[in-house]
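Chain lettering (A, B, C and D) follows the sequence in which the chains are written, and residue indices restart at 1 in each chain.
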Amino acid sequence: MSSLDAIPVTAELATGNVEPLLHEIRHALKRLADGEDGTVIDLQRLPLAPGEDERIEEVLGQGEVRAEINALGPTLVQETSYPGVWLVTHRNTEQVVVARFVEVTHIPELLKSQQADIENGASRLENELKN
Amino acid sequence: MRKDQFLGEYLRMQGVSRRGFLKFCSATASMMALPPSAVAQVAEALATARRPSVIWLSFQECTGCTESLTRSHAPTVESLIFDAISLDYHHTLQAAAGHGAEEARMAAMEENAGKYLLVVDGSIPLKNPAFSTIAGISNLEMLKETAANAFAIIAVGTCAAFGGIPHADPNPTGAVAVSDIITDKPIINVSGCPPIPVVITGVLAHFLTFGTIPELDALGRPVAYFGQNIHDRCYRRPFYERGQFAETFDDEGARKGWCLYKLGCKGPTTYNACATLKWNAGTSFPIQSGHGCIGCSEPDFWDKGGFYNPISAGMWGSRDALVGAAAAGAALGVGSALAARARKKKAMSQEEA
Amino acid sequence: MTLLEFASGPGLQWALWIFVLGVVWRLVGALFLLSRKDLSKPRQYNSVAAGFGAIISRSAPAHAFEKRILFQHVTGYAWHFALFISVLFFAPHILFFESVLGFGWPHLPNTIIMVTAIIATAFLIALLVRRATHPVQRFISNADDYISIIVVLIPLVTGILAFAHFGARYETLLAIHLLSVETMLIWFPFGKLMHAVMTMPARYQAGTAFGRRGVKA
Amino acid sequence: MNTESMSLQDFRGLLQQLGAGAPGQDISDEERLRRAKNMFMQKLNGHRAVDLDSCLQCGMCAEACHFYEATQNEKYAPVYKFRPLRRFYRREMSPLRWFYRPFTRDITIADLKEWQHLVYDACTGCGRCDMICPMGIKISASIRVMRHGLAAAGYVPPEMRVVRNEQRDQNTLFGVGTEQLKALVDKLGTQGINIPLDREQADVMLLTTAVEVLLFPDAFAASARILNQAGADWTIRSDAFEAANVGIITGDDQTMKIAVRRIVDKAKACGIKTVLMPESGHAYQMMRWDAATEMGGPLPFETLSMPEFISAEIKAGRLNLNAQSNGASVTYHDPCRLSRKGGVMQQPRDVLAALGLDVRETPANQRENYCCGGGCGEYVLESADDLRQKAFEIKRREFEETGADAVVTGCANCRINLMIGAENSGWQTPVTSLVETVAANLAD
């Protein structure tokens, strides 16, 4: 054990931001259920203490869908145990988190195939078949 | 990327899908501290953005700012931002050297007159132009010359923004900030020693996206990043409220991660985004790793009474001066009383006469 | 130089110099006017005990007066008590005193300080209102009385605002708070805030004067 | 025993005539102001400076003043009564005078005129305010300096002026001098009370006052009888018997010193060991506490008040008393200058208890006792009649609380004032003196 490890640093911290965030999600989900628009919350804009990130994930839990997008690095799109609440984590090619959102929506925009890509794909397929 | 090419077009040619582009825009919006709802707007703007020319001048500096930037998370989304600009001059990063480098700068200035961005790191010595020169040109001369036709200037790092460490007492070189010399151009101060890399790229992204300069605070810093002080966004703030402070760096409070106010943390008077954006790819920031904020994004942070002196400690002068004041007070008190007693004596003798 | 730098540097120094110089000047100047020695034969008494006894005994009114001055007595104490708690046991204040005196002492949680500061402010405002409305107090009051209350009230209010980060940036609020304290320090020797220093000699001399006559001051 | 004397009615008549005989004063306003300021300067010292510099202006002193309580007039707040002195101090004597001067109004002739009412009519110098002040300020001492200043400026009220001039110039008070005392001594002699008048050497010298000679000869007789029974080696001097001192009352040092010196010199000449003060509060204060300082050195004799003397004699077993067993109750009114300003509070109570009386305390007593309402010569002032009567109501209320059969006091001034108040308001409870009460119970 190195001398640094010998220093026990405990993190008994709470910014008090987790609760309000969860309530914000609750309100957003209620609105979505009532047929209103979805909401996106940027988690990097919130000061969170070490461990609070994990706490949010813990509370939200894991749902049925878990998808990975591979574009400019991996992006994990994960439905939480509350349908309609999604956790979107963008990483770069170095696996470093570059952005993290809670999306309250039917399906995160990014999961849908994009019109430009579809067009591009269609032409590529056409070319493929021509040859 | 050609300079007349749109960014969206360029990215598509690089094999980046629309989905990838949207991800890039999300991250960029987040980086620019814009609300997630602005992603569509950012995407639209970025798709049709043109590649700006950037000239980066380094004066009295330690290259820490450049290091901070280049070692951040390359190759990353930010690196795309750099791909998206034309860095025409940066004497640490460019391949060209000597006359060739200077010629590149002159060429870029001429070609993009009135449109290029000037990025400066380091302060400018005024005492003697020979203290810092590049290719025999003094920093002052080069700054004036290059700023003349710039669209805007980004002063990167506290040295360029406020004079920084070279400016610290007794300031042997007579170092000043960019804003002390250039007064007729918009200057964006991205202070910090070094600044958070995301903030540098965020400002570039803003310029790229909107072609304008972001909203600035009284010290010329982008409000999006410097609008709130560290203390207000610090995860250790609850300890401050509860009055739980680390008294030394190795006591129980320090181990428990209590507030570092007493150990000289300058969080309450320091405006920066460290507490939210954090450093080293979002790993941590000074307070989280157990050291108080030193206030590096503030003017004259080096001369504010010591990194380990609490903010509320006053510079009250020497004990001797106070003792001197007390002695002077006593002398004046005795003097005034003696004068009053002399008058009293006179009054008494008058009455007897 | 920023406002905060001025407030915590030269502003503070000058204020402290003026404070110390003025307080000593006024105290020494008054005491050194000297008085005739009382040549009467005293009753059996210990002058030091009588003097210090009065310093303590005058902290509470004599029985016959209690009811008539209850409000002033209670509010006066509550206000001073709350003020001293807020001034002496707020962690940043202790750090300030430590930087001046070289030693510190334990602090109270900020939430408690917030409560005492608000109590102190409320009582001081109540006392200010009383001064402006009570027939006797309004009649005998002069500018000094109001200035002295105001210069103490402002540091309290700015302190609370600085603590709550309300109204302006923290360093601005802190600077204003410091400047208001400095204003108070500068006013101190000139106005009746001086009572904080004069209480001891005044009560002491009353104690000895009554003591030699065999009367409890 | 009831020695024939002037009636209270007649004495009041005499008081009403007093002012009319006041001599005119021809002093210019400038001169008055100069004299007042000059006197303030002489009287201001370290004690007053500390007092004046520590005032909080809290106004609590008003709550201790019987005149404020009786009238609720804020002008009667004790702190206000020395306001001109404070202004003068701030402008002329304060360590920070250079700072205060521009902000502090100079005193004017109008101020002096206004304060004549405040410090003579509306203050008896009882010092009750001194006891309430949270700073321990001797408010009454500063008001006394005000009286000095006004006296120097010629603003002593006419009645007092007449009496002062009489004492200063004729060595009589209310016309009572050597002859009048001798006449009384003779008369008492015929009643079997032996009074060793004008002895050249004695241990004890008894003093009396013009008021006793005129109005309360029984009190004088009582003192003589007590001394005789105690077997004291005593005398009373017809050339130095007057204990009252109008100088200290009005704030006139010249008169004060003349009157004190007469007694001190005579006591020294006669080898007196103890000067025994009659029932007069201010006289006791003068001789016991002020005389040594004013005369510039310790006095070769001790000064005792009657309660102190009697209490000591009882303890020593030299007085033979008939202790009453009928359960009669009395309340003792503490004269301010004997109690909070003199330290004589326990002795009179001990004496009354030794007489077997049920001693009841007024709600405010001893050092916190309410003033009779007319002390420090204030009872001679016609201009203060209304004020005094209002203040008497406080005393009456206090006395009635006790339900006592009689009021006993140790000061003729208090006694007169309480009697006048009682007479005006038809209050029936008798007001008597301590020495008379003791003498009435002497076992012959």
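For this structure, a couple of remarks:
Please note the rule applied: contacts are C-beta pairs under 8 Å (C-beta built on N, C-alpha and C of every residue); 3 or more make two chains touch, one makes a residue touch a chain.
As the structure is a computational prediction, the values presented were derived from the model and not from experiment.
Omitting chain B while holding the rest fixed, one finds the remaining chains separated into the touching groups A | C, D. Relative to the centroid of every protein C-alpha atom shown, the closest chain centre, again from C-alpha atoms, is found for C. Comparing chain pairs C-D and B-C, the larger number of C-beta contacts belongs to C-D. Spacing of chain C relative to chain D, judged by their CA centroids, is 38 angstrom. Measuring from the averaged C-alpha position of chain B to that of chain C gives a distance of 42 Å. Note: centroid distance chain A to chain C, computed from Cα atoms, is 58 Å. Taking the mean of the C-alpha atoms as each chain's centre, chain B and chain D sit 80 Å apart. Of all residues in chain C, those that touch two or more other chains are 22, 25-26, 28-34.
Annotation for chain B: residues 332-333, 336-337, 340 touch two or more other chains.
Counting partner chains per residue, chain D has residues 44, 93, 95-96 touching two or more of them. Of all possible chain pairings, those that touch are A-B, B-C, B-D, C-D.
Across the interface of their complex, chain A is touched by residues 12, 16-20, 22-24, 26-27, 30-31, 33, 35-37, 39, 73, 75-77, 80, 233-239, 250, 255-257, 275-277, 281-282, 288, 290 of chain B.
Interface residues of chain B, counted against chain C in their complex, comprise 229, 231-232, 240-245, 261-262, 268-269, 271, 299-300, 304-305, 309-317, 321-322, 325-326, 328-330, 332-334, 336-338, 340-341.
Residues 332-333, 336-337, 340, 343-344, 347-348, 350-351 of chain B touch chain D in their complex. Chain contact summary for the complex, chain D toward chain B: residues 38-39, 41-42, 44, 92-93, 95-97. Taken in their complex, chain C has these residues touching chain D: 22, 25-26, 28-41, 43, 54, 58-59, 61-65, 68-69, 72, 76, 134-145, 189-190, 192, 194-195, 198-199, 201-207, 209-210, 213-217.
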